């Protein structure tokens, strides 16, 4: 879908990754330059190394073709979901439903459509967790170790969450062993060494390269909070190693259960963010996302039902589901409790996406149970399937209409790119524009950019110190992007005055969506 | 029999889990309360430091007018500063008797003091505000001479001269300025010492310590907030200690109940041949393990609860400056109290029960 | 500043987002307005006296005392330039009439000396303040020659007051008893969460402009910590009540099972629970709250609590007492109902034997395949 908007990477990270891949392919080596604007992504070379290898072998363009591989990654992500679904239900229908959820659920689709490190991370981490779950086979354990080590070079958040999931699996397994009197210290040590202890090499690497993410997490108060949440969740999941007892006469699925609290709280948070802007300085929930809540509610109902079924029966996926829920929930709680600022919002919404595989399993279980319960009532089954697909399709605007749903634009149009390229040809050293174009200009073209032009125009401040500016006509309608803050709408009068007072060197685009490159004239 | 003791000690039933949760909630309150109290001081203190302070004014004690810094020691103070002598006095002028404050300023540069104004040894320079007050109250222009009562002495016919040519923004406009020599001549004991030192930059801490100086915060809001937080914090710490005592009692009560409820179990172990020491060991170990588990869980709950309070308060209209830091002292205190209370609670009843079972040979009631 | 300190029981007019309006001209106009009974323009400075935090208020003494319901303990020579100290402050700092003290600036660096001419007494937090004249107040706060921080007033017709202020074109916020905050020729007070983030993180430093925000957020910080600790204690109390009741109820679960087995209905069981536990809970709550109040009284005045320069006065507040009793009784009843509900949901034999009757575990695959 993003390819219908623009052939360029969907999401600004794609430009940084493309630039790094291009440099690796050109130079033949990978290096970290702390002075480089892309140094953060250079420190996480997993995606770039893989893509540069593909580019070198296939003779592809690092930037022009990177968006083309995203559908491949998105389709590959169905495989672990299918495996989970079949493992959970013992039926291919379960695998089909789980895979369908993964491929169509809007939030997950957004991530696998964007050129980002997480796109590969979301493909690798479920495999790593599944291999760790079946670690009795030494080969699977070894492969999970390899994947966990690789994740550290790919994306720190994915690494942290995957390590959290493996830790939860170790806790559950050892709790069961203690309860059965089969605790073995060597086995425990091996589990820890091949699971949670892999955080040590990751930490060592991140410390060596001075990764900013690590500093935020290991700040004294943040670490204390994180450890507190880990202790609490460990205490909470320890009893989940065994199925929940079902009193005689009770059904497997009941509409009123404690499990309903979690999606209820989630919806309250989303609604609260719409009303009051929970996260200071960040954009609130957009109305388009609120319109999707009924569809999300339907999917949540499936997930709650599946959760109750999974917890009240013996099965092969209880540990997997608990582990895949516990780690992202821990990080979401961390994001909410560390202080409601834009960085917390980032942690929360990024962590929520890692719940999707667990949801896929639970939804698959609930769907199969419902399918079976409907027996030979084929019209009802058709309605069930159609309703499920419709609910999923209703969430797809999250992937292809991000301005309306999240208040952020991920598309870089060819004309915007041309404008940025033109500035490079001018030898521009200092350019001011909005946040999105400033990031693209810095990440791909490497010149110094500033993202404060919309604020300065709104507040009538001086633009001294900048050579050029890029302005978009849509700043007067939908507003200029200054993520994570809400868009700034510039008045037409101010915008036209700005254009009139400076020298336009380039103009392109259809009426209503034009772009100008402006050479700033110093005030007399 | 250490290994069987450990196995028995780590056997958790529904009752023991409830006891652990009780200990956890008690520790949660202690750790949470101390965490919030510390965070209050941290946050407000760090913001106050960043906002900065006014000019560096030093006094002895906490009241400038009661301060007495040895003027002979000022020649050893490096850098540029102004020595301020200030005393309440009575001024008779224009047929009025006013309570005023007489101030003498002496500028020091590299240990050498100079006096800028007033010029004459007996001159009294009235600042513009004081002049305006005199003219408003008397209805006549300010006279050229007046009487000053200071240190119990009465000086008559002192020349009243023009206001000072410059005045620091720090000072009001209603002071009467004299030369330091006049104050010293009137009373060397009271007029000799300096009340305050006004420096452009903070003085060397060694000098501050040697002269036993304290800094007077001239930006009152900073001092107000710091002082207020210090008061609140001391109250909160007292509250935390009270909570600590309550926790100790709670843990003791919970563990005692636990042991009493298992009297039958104790009797069974005794009848199987376990010595009183072994029986007591089982319950001691369990008490310690339970208390440790409860304290760890409670500390985690307290940390999370404190963060939740601080994080969600702004949404409820309470943007705040509480900056939490790892509550290590609170966690250590919670653990120590829980362990001590639990060990005591496990020791006394279980020994008594074990001894009873041995002497009477029946199940204790 | 807390509304209690700023306004007391009167209506309060403070500066809005427009041009500076709280000045002598507005005060004079308000004084002349027919519906206004008393007007007290004031300037508030936060500082220290002898190292202790003190609120220094510039106001006309007689008007100030009428607003605070105060009286003179030792009246001095009444005049515009004569400072007075509240009795609470005098007691706290060991001052007396005739003493000279040093005061400092609030949001600007200042040093000044004041000669305490008299002492007043009020039953409000103003008992801990230092009252000075307007020139001194302006000097300490850095305000302009005719400006004030706020104007307190008494009126019997707030609606007329608001329309009068609108007619004057003043940019102000008005608040008071039974009056929701009115913003006249002004935007509502801005969301301080952004400036709070800047103050907390230190990004961009903290210019002096943020001082007033920092002070107000420091006061709310104390409120946050107090509420937080109160909440934690509330959780502990609730858990303690529930744990004690659960312990007691656990011993009576077989009795409940027997009663249900011989025909006692759920409603009868709940009524029985209420009749047995409500008097105990009520008695315990009243006893506990009463003991707490007595302990507080006994501790005062040796262990008085001073917050932001104002002593927290111990007073028996019936509504607070009733709220505490209600909370404890409510928690006890709720806990009892929850415990009973759990028992009522089980079969009588399960209660009698104290072992739950559970289904044997089934495999998920079997459930899904049928």
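Observations on the structure shown:
Chains here go by letter, A, B and C, matching the order in which they are written, and residues are numbered from 1 within each.
We take it that a residue touches a chain if its C-beta (ideal position, glycine included) is under 8 Å from a C-beta of that chain, and two chains touch if they have at least 3 such contacts.
Note that the coordinates shown come from a computational prediction; the quantities given were computed from them, not determined experimentally.
Ignoring chain A while keeping the rest fixed, chain connectivity by touch leaves one piece. In this assembly, the chain whose C-alpha centre lies farthest from chain B is A.
For the pair chain B and chain C, the distance between C-alpha centroids works out to 22 Å.
In terms of their C-alpha centroids, the spacing between chain A and chain C amounts to 43 Å. Annotation for chain B: residues 302, 310, 314, 323 touch two or more other chains. For chain C, residues touching at least two other chains, in rising order: 193, 196, 200. Under the contact definition stated at the top, the residues of chain A that touch 2 or more other chains are 280, 339. The residues of chain A lying in touch with chain B in their complex are 220-221, 223-225, 227-232, 235, 272, 276, 278, 280, 333, 336-340. Residues 45-48, 50-56, 81, 100-113, 115, 135-136, 139-140, 192-193, 195-196, 199-200, 202, 205-206, 208, 210-212, 214-215, 217-218, 220-225, 227-229, 231-233, 235-236, 239-240, 243, 246-247, 305-309 of chain C are the ones touching chain B in the complex. Those residues of chain A lying in contact with chain C across their complex are 88-91, 94, 243, 245-248, 250, 252, 280-281, 309-310, 313-315, 317, 339, 341, 365, 368-369, 372. By the touch rule above, chain C contacts chain A in their complex via residues 191, 193-194, 196-197, 200, 345-347, 356-359, 361-365, 367-370. The touching residues of chain B, when paired with chain C in their complex, are 18, 21-22, 25-26, 28-29, 32-33, 36-37, 39-40, 43-44, 46-48, 50-55, 57, 62-65, 86, 88, 99, 101, 129, 133, 169-173, 196, 216-225, 227-229, 231-232, 235-236, 239, 243, 250, 257, 302, 305-306, 309-310, 313-314, 318-323.
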